[in-house]
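Letters A, B, C and D mark the chains as written, and numbering starts fresh at 1 in each.
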Amino acid sequence: MSDISLIVLLPLLAAVLTAALPPQAAAVGALATALNALLAANLGRQILQGGPVTEAIGDWAAPLGIAFVADGLAGVMLAMTAIVGLAVSLQAAAGPARAGFWPLWMATLGALNGLFLSSDLFNIYVAFEILGLAAVGLTALAGTRAALRAAFDYLTAGLVGSLLVLLGIALSYSVTGRVDMEAVVLLTQSDTGRIALALIAAGLVVKAALFPLHFWMPAAHSSAAPAASALLSALVVKGALYLVLRLSLEGGAGTEFLRNTLAVLGAGGMLWGAWNALRAERLKLLVAHSTVAQIGLIALAIGVAGNPFETGLWQAAALLMLSHALAKAAMFLAVGRIAEALGHDRISGLNREELRPGPAEFAFAIAAISLVGLPPTAGFIGKWFLIEGLIDEGGIHWIALILLGTALSAAYLSRVVSRCLRGGPHVAATAQRPPWRTGDVAALGLATGALLLGLAAALPITLLETPFA
Amino acid sequence: MSSVLPLAILMTSLGVAPVILMMPDSARRLRTGFNLAAASLKVALVAWLSYEVAHGASFDLRHSIAPGLELHLQADALSVLFLALSSILWLLTTIYAVGYLEGGTDRSRFFGFFSLCVASTVGIAMAGNLFTFLVFFELLTLATWPLVVHRGTSEAHRAGRIYLAYTLGGGLALTLGTIWLYALAGEVAFEPRGVLGELPQTAPLALTAIFVLLIAGVGVKAALVPLHGWLPLSMVAPAPVSALLHAVAVVKAGAFGIMRIVYDVYGVETVQAMGLAAPLAGLAALTILWGSFRALTQDDLKKRLAYSTVSQVSYITLGVALISPVAAIGGLAHLVHQGIMKITLFLAAGNFAEGEGVKTVRAMDGMGQRMPGAMLAFTVGALGMIGIPPLAGFVSKWYLGAGGLDAGQPMVIALLAGSSLLNAAYFLPILYRGWFCPVPEGATPGRRLGWMLAIPPATTATLVLAAGLLASAPFSPLGWTRFIVSLEYL
Amino acid sequence: MIALPLWLVPAAPLALLVLFALPQARDALRTLLPLAALPALLAALAAPSPMPVRLDWLLLGAEFALTDIGAAFLFFTAALWGLAGWQALRLLADDPHRDRFLACFLLAMSGNFGLLIAQDMASFYSFFSMMSLASWGLVLHGGGVAQRFAGKIYIAFAVAGEVALFAGLAMGAFATGELALSAMGGEGVPPLAVALAAGGLLVKLGAVPLHLWLPLAHSAAPAPASAVLSGAMLKAGLFGLMIVLPLGDAAWPAAAATLAAMALAGLVLAPALGLVQGDPKSVLAYSSIGQMSLMALGLAAALAAPESWSLIAPALILLATVHAFAKAGLFLGVPAVWASPRGATRRAILLTLALPALALAGLPGTGGFSAKDALKSALVDMPQGWMLWLAPALILASLGTALLMIRALLLLGSAEHKPSVPPDAILPWFGLVLLSGAGLSLAPVSVVASASIKLADFLPVAMAVVFALAALVLTRATRLRVDPPAPGELLGVFRREPEPEPLLALPPPPRNSRGLVLRRGRLSVARPEQGSLAILGMTAALALFALLPEPAAEPPGNPPEITGP
Amino acid sequence: MISDFAFLLSGAGLIGLALFRLATSADLLMRVLGLNVLAIGIAMVLLVAARGAAGTDAVPQAFILTGIVVLVGVTAALLALAERVAEARDE
């Protein structure tokens, strides 16, 4: 049994196990995550050496076949998932585990891996459903009324989204008679096909919480438990974004209309999210809104990338996804620690605490740097390539928007960081630092990772440059 | 070896920073020892480096982080000038800061970011291409922010916000300009007399726009009017920070950036051919006068010094913008001279505040009797700023004036004259009060300052005197700048 | 005579100053103050004048040498500084701030010596500004209202002069491409440069209308300081002018006319304003203005008639020397008068004081007379039109000086006795009087044997005496009294009582606008219903978008090939 | 092919009604029902799509089945959530 199917099945198996024997859940889950990371690394190595890896499951062949394909993009996404997963598992394994966290998280992991690897629309749809349900479960884990309410809205929106996707897939089948990725190119030929594409895209936009369909997201991400919100914000939405990117890649020139729409929505999301983040009063809410803004930036990047067969701009989008995943996970973990240490997460209260800023706040600051996209973080490298490409194509208005978004993100993140630099009269001389916890290590590790990724940006880029299957 | 030395110089502060950040505040002795050891080691390494460079050795350290992007550290004569300045003054300022923050809070944080700040300065000095420069430039912005807000008061936070807004805005402009230039010209390495090749003929408009963007970007840190608003506000920072901000790190990074852009990216001929030199010079002149005018009206001692920085730093820009080797000598020399003079002033001002609680000009009465040593250092610095020989400032002004004539701009003489008058007008009253006004009755004798606070200003004051008196000696700042200019202009 | 290294001349006072840093040694060091001038004196008198010194590492490459003119100036400068230092020690014996005064004194001394031997612009300018700024301290020393006012005016003029000098020298250096000071007077220097430099020096020389600082400073400073200010430092201005002006090579009528006009104005104004002063020291100050204007007149003449420079120069030097000794003698005499109670001693002192006074007035037989005579004889072959007013000018000068001297002596006579002044403050003055007798013979200047003394030469002094007597009688008879005007002439209007504001401090500026303050309102969480509406709209929009006429799509089935950026 | 048209029309009508309800009602239960109706509407459209020229195609019907299965699961989850939300309100 090959790495590919292993990397999909292992987490699902672990989900079953963890559900079966709760006492050992943490151990099993952590082990599974570690193994998953190893597999992902190995897969990446294979892709780097021998190009894309393909495997057909059962003896279904295209056009209906269930084939797993691991190309460069999928490899990057898998690695991203593995890294974030490691940190989150570390934090969760150390902290008091809520019943049900591990099965849900393992399911999420499996679904994500499946999503990144599957090369036909039907598998994608299935993986999507699993992902959605698991994510809702993660949201609801917190058990508070807000969380439950958020989970309900999330599920509703998710269902509508997946129904749209389903409708789209069915239409596309009726048009092209096939469900593998080749279908996308054919779809762009006919009106009905493009309607199908549009429906799929609409569904994905809902699930990716892309403006203006992000209404469910801030509540969900801000009311979930830290580890859960880290997963939701860093990985789950990326699943949908990955599909959008994949559609635009497969569609080539034909999906230009999708890209234009994405660019506009992305710009809107960037500004709207930033604006709400500027006005947010609670730390978690601020971070959630910043996710809206960042997703907007990524969508913008996908949108302006132009025909991927001509430009490599889409790689910038992939880089942005990667750095956002690391940074945002770090940020949510850090926020969790901050709220735990202070007992609240009101921004206005951050600088009046009888407590010296701790490692978590430091982690938050570093994550903020890479979210804003200052050098030498991966976010910066992503923006660099994006803007450089846009200059070549003369998309000066997009550049202006991106810079505006960057400035806004700096503004709202500095709101928090400046308060994390508390000291002087607000802090009692006797105040102490909060003690180190594993969560701090996880957050700090992820944040530094996001920071240093910029210096090693060559690796993901070479991975991305490997041709598709 | 040729790559190890720059790395070592960088690491003596970049590697030090996290360690210090992680130390508990209580580990004072350990932290101080570590910090000072690193600073002294850096000075030694820089001395070694400058010796090597003077003998024609070349240093290179490259790390490719993405296709078309690489971090490149190098050491040419210009870098060495800035390196020597920052490393020596860092050592002094660190000693001073240790004494200044005695018993303060968050000292690990402070010294950690202090080292980070100098690390980025060193990186800027050794940056071999525009991308590397940009990286360290932004790092500098971030590393300085916690220092500005260190006191934690709401005023400090306000100043920090505004500082961040200005510098990040400038950073965006710089980033855009850099990317644009990379898109046009590919890798933009720093080479004497420019790297643009044929571009000025093919894409003059784009290059002009890029020049404006880049200068705006670095101009924020160089406090060019109208981008200077953050500087006086960030005076709320502790004295060593102000000293470092003004003398070495931020402001100088901006000025240094202007040099790099004019000399090593565009090249003087190009800049002049594209007609970009005159506006820059005009801006510098405006800044010189405006800063001095604002300084006249400040009663807060540090704010007066801040505005004087605004005006003084533009001497450097002026020296660069007047396309003339003589003026260039003046400007480059002023990079160092202004540094040592201004740091003297700030350290002395810090001592006034620490020892006697004196923060305003009108409270300076009788300072000559209350703290003779600090007042003497302050006097040397102030007279140097005015340009009184044989102090350092005189040398720079002399070459700037001659350079102005050389560039066919006699007005520069008038500018220097006016600026000197203004400098005198806002510095001499302080000296007058300090030396000749009686100690106000009811002035309680302040606390005795330790050697850590007393030695650094004395040292820098001596440097000011030496830099002027021994201007023609080998390895004086002037001599070194002559060497640099001989490379930039042929 | 031992060959003494020239750099020792300015270095000696500096060395003493540096040693002052040791508090315990100060008491011993103070007594050495007068000796700090000794190397300079020796250098001035050295039989073969000392070797030139070249220090390439100093400043922009410094060069020291002692020219003949320099030697002449250095002689009386050194003597004056030494004796003034001596008196300063006595006068300020128990002044709490005396070390501050002595420090400034030493700095100024070193500057004054240095600029006389400096041969390159940088070091000349350095010493010059060192002297000017340090003497600010001398002026301010008293700390009273008068001193503050005088200090403000003085420093304003001094700095302005500095800057002008700097500009002039810089331009000259660039034009000639060399740093040698002598280059300023040579070819190829733009007139503007010369004008600027000369302007800076004229401030120091106290030429009308740049003299406004002079009376204030002289009357405000302690007597020894006034002595060196008027005796030595004004001459530094003259010395500088003799170097930077293109004397002796080409006529420069415009400059000559300007300078002459300033000089004449000085000759007229000095007595007019001086006579009404109430303070003997400011009277003496005004007479200094008159005398310096006379020397400026000589320079003007030399500018007009270059060929006569060879004659004018020694005359000017002689004039300077005489004035230096005499004026210093008078200034140092003031404390002597204060120290002596009314009666025999005071009368004796006043009589002795009359000697330098008469010398200044140019009574035949005194050095003053021979100096003026030499100047007059140097001016015989002036271009047409000059003699018409030169002769009256000279007479006017002597007359005015004589009147001023009488006024000063009268005021001194009526000055009250200050017990605070130690009696031994007389000694240095007495030494100076002796020296001023012997000085001229010692001085390395060629004293022109004056022609036969004609009766007419007594005229100015005689007239002065007559006028003075008449004035006395008049005032006695009509109970008229001379009200001393506010010092500072025009600038008097700026005079303010001491106020807390620092010099030139304007009201603080309006505070900057507070940027970047965000107003936060409550965040209303979007209702999911609106969300679904949005879904509806989205789908419709996308479908419409899809139905638009399609862009150029590539034919199906060709293998997608992604290439990196 | 009048029936195709009828199917399409009713399916579209159902979708419209469902979305309208989803958009307007804040009541959880009502929205669960709305979702179900929406799903049915979509299923009907798919049925039409399944009826190609050459007889009926199995794959879209497989899609429909999947959709129904998912719908059942999700409906269960939704109801459970709604229940717990109600409990949480009671606390």
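Operating definition for what follows: a residue touches a chain if its C-beta (ideal position, glycine included) is under 8 Å from a C-beta of that chain, and two chains touch if they have at least 3 such contacts.
Note that the coordinates shown come from a computational prediction; the quantities given were computed from them, not determined experimentally.
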Distance in touch steps, counted as few as possible, from subunit B out to subunit D: 2
Of A-B and B-C, whichever chain pair has more C-beta contact pairs: B-C
Chain whose average C-alpha position is farthest from subunit A's own: C
Averaged-CA centre spacing for the pair subunit B and subunit A, given as whole angstrom: 42
Between subunit C and subunit B, distance of the C-alpha-averaged centres to the nearest whole Å: 36
Chain centre separation in whole Å, for subunit D relative to subunit C (CA means): 100
Cα-centroid distance, subunit A relative to subunit D, in whole angstrom: 28
In subunit D, residues with contacts to at least two other chains: 22, 31
Touching two or more other chains - residues of subunit C: 516, 527-528, 530, 532, 535, 564-565
Shared interface positions of subunit B, touching two or more other chains: 67, 161, 165
Residue ranges of subunit A touching subunit B (in the complex, touch as defined): 351, 356-357, 362, 369, 374-376, 381, 384-385, 387-388, 391-392, 399, 403, 406-407, 410-411, 414, 418, 421-427, 429, 433, 454-458, 461
Residue ranges of subunit A touching subunit D (in the complex, touch as defined): 64, 122, 125-126, 129, 133, 136, 140, 144-145, 148-149, 151-152, 155-156, 159-160, 162-163, 166-167, 169-171, 173-174, 179
Touching residues (chain side subunit B, partner subunit C) in the complex: 67, 158, 161-162, 165, 229, 232-233, 294, 296-299, 361-362, 368, 383, 386-390, 394-395, 397-398, 401-402, 405-406, 410, 413-414, 416-417, 420-421, 424-426, 428-430, 432-433, 435-438, 468-473
Complex contact set, residues of subunit C against subunit B: 56-61, 100, 122-123, 125-126, 129-130, 133, 137, 140-141, 143, 148, 151, 155, 159-160, 162-164, 166-167, 170-171, 173-175, 500-509, 512, 514-516, 564-565
Residue ranges of subunit B touching subunit A (in the complex, touch as defined): 21, 24, 63-67, 69, 71, 105-106, 109, 134-135, 138-139, 142, 145-146, 149-153, 156-157, 160-161, 164-165, 168-169, 171-172, 175-176, 179-180, 182-183
